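Below, chain A partners chain B and then partners chain C, in two separate complexes.
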Partner chain A sequence: MADVRTPKHAALGGRILTGPFIVLAALALIATYFLVQRFVFGLGAVTNLSDGYPWGIWIAIDLVVGTAFGCAGYAIALLVYILNRGEYHPLVRPALLASLFGYALGGLSVLIDLGRYWQGYNMFLPWLSQYNSVMLETALCIAAYLTVLMVEFSPVFLEKLGMRNVRQKLDRVLFIFIGLGVLLPTMHQSSMGTILVILGHQLSPLWQTQLLPLLFLVSALFMGFAIVVFEAVLASIGFRRPMETFILNRLCTAMAWLLLGFLVLRLADLVFSGNISFAFAATLDAVMFWVESALHLAALILLWPRSSRPSALRLFLSALLLLVAGTLYRVDCYLIGYHPGDGWFYFPSVGEIMVTVGIFSLEVMLYLVFVKRLPVLETVEAAYREEHAEHPEGTASA
Partner chain B sequence: MTLNRRDFLKLAAAEGATGAAAVTAVTAGGSATAIAQDLRRDPRPMPEDAVGLLYDSTLCIGCRACQVACKRANGMPVEVPEQYEAWNGGTWDTPTDLSGDTLTVIQVYQDGTMEQKDREVDGYAFVKRQCMHCTDASCVSVCPVSAMTKDPQTGIVTHHPERCIGCRYCVLACPFNVPRYEFDEAFGQIQKCQLCSNLPDQDIPACADVCPTGATLFGHTDVLQAEAQRRLAMAPGETYAFPRGTLLRAEDGGAPVTDRARQVAPVAHYRQDIYGEEILGSTQCRMLAGVPFGLLGLPEDVPTTSYASITEGIQHTLYRYMVAPMLLLAGLVVFAYRSSRRHRPEDWD
Partner chain C sequence: MASRQVAIPVPSHASDEPIGQLDSYQGALGGVTRREFLMYCTGVAAALGLSPALGVRIANATTSATRPPVIWLSGQACTGCTETLLRAHHPTLESLILDQISLDYHETLCSGAGRQAEEFRRRSMEDNHGRYLLVIDGAIPTGDTADYCKVAGERFVDSVTHAAEGAGAIIAMGSCSSWGGVPSSQPNPTNARSAQEVLPDHTVVSIPGCPPNPYNFLVTVLHYLTFERLPELDHRNRPRFAYGRLIHENCERRPHFDAGRFAREFGDEGHRQGWCLYYLGCKGPETWANCPAIGFNDIGESAWPVGIGHPCFGCTEQGVGFTKSIHSLATLQTVTPPTAFPRVVEDQGELSTAAVGVAAGVAGAAVGAAAVLASRLAKHGPPPSEAPPAGTPADKASSDQST
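On to the complex of A and B.
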């Protein structure tokens, strides 16, 4: 049985202060410089935000795209624990780790972006809660999910600290957290689409639809899977580990179906509402719509199941394409398709871009530290054993 | 490329399945759209004592007394946009748009030779921008911490900075671009017109108080609506005594009361449309004009139902009594439990 497995995890070891790590640290330091300015002189001193574009890339990219990247844990938990496909198990811990950082840093970006951050805790005061607000639901869900992610990931720390007792006790109730860990992203990832419905005519008809919650949910799922594939391929190259091609193959099939569903639903909705006509106008919106759709379609063609096994390169490319496509969809929805009226213009400032770059750098730095010092990745011996015992015809290529 | 029979059958089956899936998805997409349209919650009624402003663009002479009075009443600084810095030394308040320092502004539409007032071609027209005080306001609907509220009696959309977290969702969502954030401050806040209800010394909004022609009139929304209809019903050129200051409902149910001398003037060529009556679930402030409202920078081709009712319809259907999320959670927990039994996680290490 493929699902009765005993994965063994180990810290990779090795130096922390490598060349790439130092570059990342420098980028994070530059971000800090701009952040100091933001808090001393206000948002206007660092960002190009305005009353026409009150939300910029710190929301559209750091939060909305960042947490979609953070859906690795959601997507893999759905497969492993709910649909009971135990064979994906080696991917669980790295995926949870990616989620933890994706969400933590998304939350950090929100705090930086809040205009009255010192009152941010009001979000958690029940007597101020405004239950019609999609943002309240989204924010509470994200906060709750961060907690759940920490619990889900805590076995890694418990193993490291040798707290076997606590670990076993936690294991007995872990299924509740796993359930929550699938419910909460289902709620808030769809809500990040619902947030835009109230923009009405201010969002281009190419993106404005009541199906936004469903489209955002499906897109979050395939982006989550894509991040799993992306990281697995990168980890196998970067850390010279065998690649779990067989497992990744099956993931690709799942992604292909989700992607097909997304594209057909989106197109059907545009055709039914008649808004497809806006795709043939000479506007930036139309161009972005076609670029975005073409990227999704290209990913679908690459991913579509074939008789031959996909190469590592094809896996990597399709995951990359999918991440770019999903990112573009979100940026289109949150920034490019948003039209507050004449006279407004937004392009992120150097400060905004550097803060976003710094936050993503911090994410990668933390990931590197964690996989090198904590038992996150499956041991190479275990990976080989599984691969050869169960799928002797498969070759572990790197 | 060669295909053997088995491959061909597999391919055909796959194509068939894809086609069927596509048809199903298209149908699903269509019906999902149709269902989603029906998720709208009921429209919000206007509070009984709703108040607002009636702005008559044809009466406005562009003197900006309202702008100045608003600034003074709210204690807001003079604003000099970058393009005016060369000749404006900083004493003359010349805002071009609403901002964190400007809660109401007079803007002008200009075309061609600008010969005639309130004419679309070769004409010009004024417009006064401020909060429209929507009956079913988006800003109130989106605010996570109840920092935007609607007064249950007067319906005035009120801001509470001590609650606000500065997320600026109200700035993003307002269809009239009214709420503004002070981006240039380290501890900025959201600013918007509250019809001077926030100022204890102000009996009526400062802008209506000082308007010399009665172009900006404060009163109960139903009374203002009736006044607007009366003006639209009159023939252009006909003489009419326009009320100034306030137009409030009479307590004895008689004719509406105005507290100052009326301005006698000829009626202009109105467009037969009262802005705010039907758009987006209606607004408590209404407008009359001689040129299309779209030219005055106001959203025109918008639905009659409020955007808030669509979003809240979706949310309250998905999350009614939290039944759906709870059922989903129960299902997920059962599956996770069964799965955890099978994986026997205790044995993992």
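On to the complex of A and C.
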């Protein structure tokens, strides 16, 4: 990698089987129970999916929100490699790790959600493809990006295994994968909005717009940045590390502008199309619209650049608000604002919720294992470590 | 009719000669106006899957001064194939045989009889050698039992062989002449054979069916008259436009088959609801014909056996009609019915208290965890404090906590 300042990464070490880890494992086990049911008895046995709502939270949250969280790698790669802001480099590896899990588990969710998953491989057979399908574009793009992510992240494994030769060879071609790693998410994150455009009037006018692809792309970007900030704050607390506050602050400025752009686009579009009137009707849609907009606005206010240094608390809260707002925007688009016709109703079943919870638990578990065993996080100055040496065991959680 | 001299909507590429004498011809069309006649010809073109513009060309062909002679020979048949032509309304049989073709010999429809009729046939065949249309209905007894069917002292097999020599085209009308039909069913005491078997050196166009839809015959004839060649045929010499698809493919009850809604016996709930007749022995899945697409008797949709609730018995198909028992299951040539079917009525979604509880719990845990973290940050700032970090275990599960 063309590093600006040859960073050193190290595994954190420490026990894997901590208390939180066991709780997460239990949640993943519960999810496994429902997944066995799903694969033995079919989707109908576990989910509340219907002909009216063929997509539930496994798509709306696990995939659409999950991959938006997974945009950390995209957003940081864009910043570091395309905009050449090398100072953000310490964030690259954790961000890529987040992306890898976000996308891998998003892909897994699609597989779980596919009624005839055993035919899933057909989408990779060109002679069976329907090239006008935006779903095909999204699916292939996500699959390709997952491969790219693995290559982008592979230096971590190569370092761990001490395979310097391979690492050096890989470095020569890595720029291609980094390029693809920025191109592909641009394509499929906007396509997730395009999928909704073709839903037409089934999507509430509060969300339906030709700008959906752009809105989804911008939203994915600031969610990607937000997850980096969020993760950095949590890692700092959990692993007793100093926070890269300076870098994170500058990231917040970028997020603020993106968020402002998103809100202006969204509101202007609603006002010019006249669909803003739907926001004043007494419907769940309208309520959700206001909640979602208020969350975005609150995040914007917290993020807005001030003269004073933002506190860690403000960083944390703004990232959290942004993630919740982005999540809500996606859930609104894919489930709440989606009206397939009279009589149809959807609320996830216990099984669906537990599978989603289990998948996110698995993500956190994998993250913990990876940062403790592989050189993901940048090394901390020895001085700092000594200062906080009173907790050598690091009863760390996320 | 001069007052009705409206412009005929002929597209610029519509070929050929002008319609010419149509207006003066109106009387001969049996009271049909020119507009109606052109619409009929366009309809024929549509049945053939041709451009509507060719309707004009068909109109020209059918009104030409020299009407093509047709010799119609009936063998071991029930006259059903002639009867079916009486049920055609565009054109009617009389307009066909009086205006469009010159039906020189037809045992059922001849006005002459006996020696006179036979003599007329012989003379027509001589005069029109090489260009008359030979239509055969009925199976042909052969071998030692060829004597079982004789007309005017001549064995039918000989009449057919003789007539075929000077024929411009040969059409086998109905299942009996197409592949043997009822007379050839086992034990086949007369050694009944199809026209194609008796005339191995000729191309015999088959219009199977018992009886066939009259329009399959008429369209074939009009195609021949218009283009002076036969329509595209399949490997059994059946016109593809009529026999190119399984009945099963176009059947109006096909969605019931796919959804697993079957009548199990006559008069049961499913039968009354109009569900699929597969389990009553419908041979639609192995019978090639266009019955569901065009129906019978010009009375609209559903006027065909399956449409009125009786399983298709495969009358057009050799080895099915008159061979398989009517209520035995068809051999499926395309998809087999699945073992599990979707439900007829779909649930529209439900709200379970447990799910709401779990969702609220997850949300609560997430909010709680966030609050704990926030307060910790507010009190101690970013560097880790002395207490073990992070909130409740549940917060790890919440979506907000994920990477």
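Going forward, the second predicted complex is superposed on the first by the 377 of 398 C-alpha atoms of A that agree within 3 Å, B and C clash if a C-alpha of one lies under 4 Å from a C-alpha of the other, contacts with A are read in each partner's own complex, and residues count from 1 in each chain.
Throughout what follows, contacts are C-beta pairs under 8 Å (C-beta built on N, C-alpha and C of every residue); 3 or more make two chains touch, one makes a residue touch a chain.
Small disclaimer: the values here were computed from a predicted structure and weren't measured.
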Partners on chain A (chain B, chain C) - clash or fit:
clash
One more residue to check, A:G200. First (chain B), second (chain C), both or neither?
first
Once chain A of both complexes is superposed, is A:I276 in touch with chain B (first), chain C (second), both, or neither?
neither
Return first, second, both or neither, reflecting whether A:L24 touches chain B, chain C, both chains, or no partner chain.
second
Among the partners chain B and chain C, which is in contact with a greater number of residues of chain A?
B
Which partner does A:L180 contact after superposing on A: first (chain B), second (chain C), both, neither?
first
Touch check for A:L35: first (chain B), second (chain C), both, or neither?
neither
Return first, second, both or neither, reflecting whether A:Y367 touches chain B, chain C, both chains, or no partner chain.
second
Under the stated touch criterion, which partner chain does A:L320 make contact with: chain B (first), chain C (second), both, or neither?
second
Looking at the overlay, does A:V65 come into contact with chain B only (first), chain C only (second), both, or neither?
second
Determine, under the contact definition given at the top, whether A:G52 touches first (chain B), second (chain C), both, or neither.
both
Taking the contacts chain A makes with chain B in one complex and with chain C in the other, which residues are shared?
50-52, 343
In their shared complex, at which residues does chain C touch chain A?
346-352, 354-356, 358-359, 362, 370, 373-374, 376-378, 381-384, 386, 388-390, 393-394, 396-403
For a test of understanding, state which residues of chain A touch chain C in their complex under the given definition.
19-20, 23-24, 27, 48, 50-53, 61, 65-66, 69, 72, 97-98, 101-102, 227, 231, 233-234, 236-243, 245, 311-313, 316-317, 320, 323-324, 327, 343-350, 352-354, 356-358, 360-361, 363-364, 367, 388, 390-391, 395-398
In the complex, go through chain B and note every residue touching chain A.
7, 14, 18, 21-22, 25-30, 32-34, 36-37, 39, 97-100, 138, 141-147, 161-169, 171-173, 175, 177, 180-190, 280, 297, 299, 301-303, 307-308, 310-312, 314-316, 318-319, 325, 328-329, 332-333, 335-340, 342-349
Contact footprint of chain B on chain A as seen in their complex
3-9, 39-45, 47, 49-52, 54-55, 80-84, 86, 89, 113-120, 122-123, 125, 128-130, 132-137, 139, 159, 164, 167-168, 171, 174-176, 178-180, 182-183, 186-187, 190, 194-195, 197-202, 209-211, 213-214, 260-261, 264-269, 271-273, 305, 307, 338, 340-343
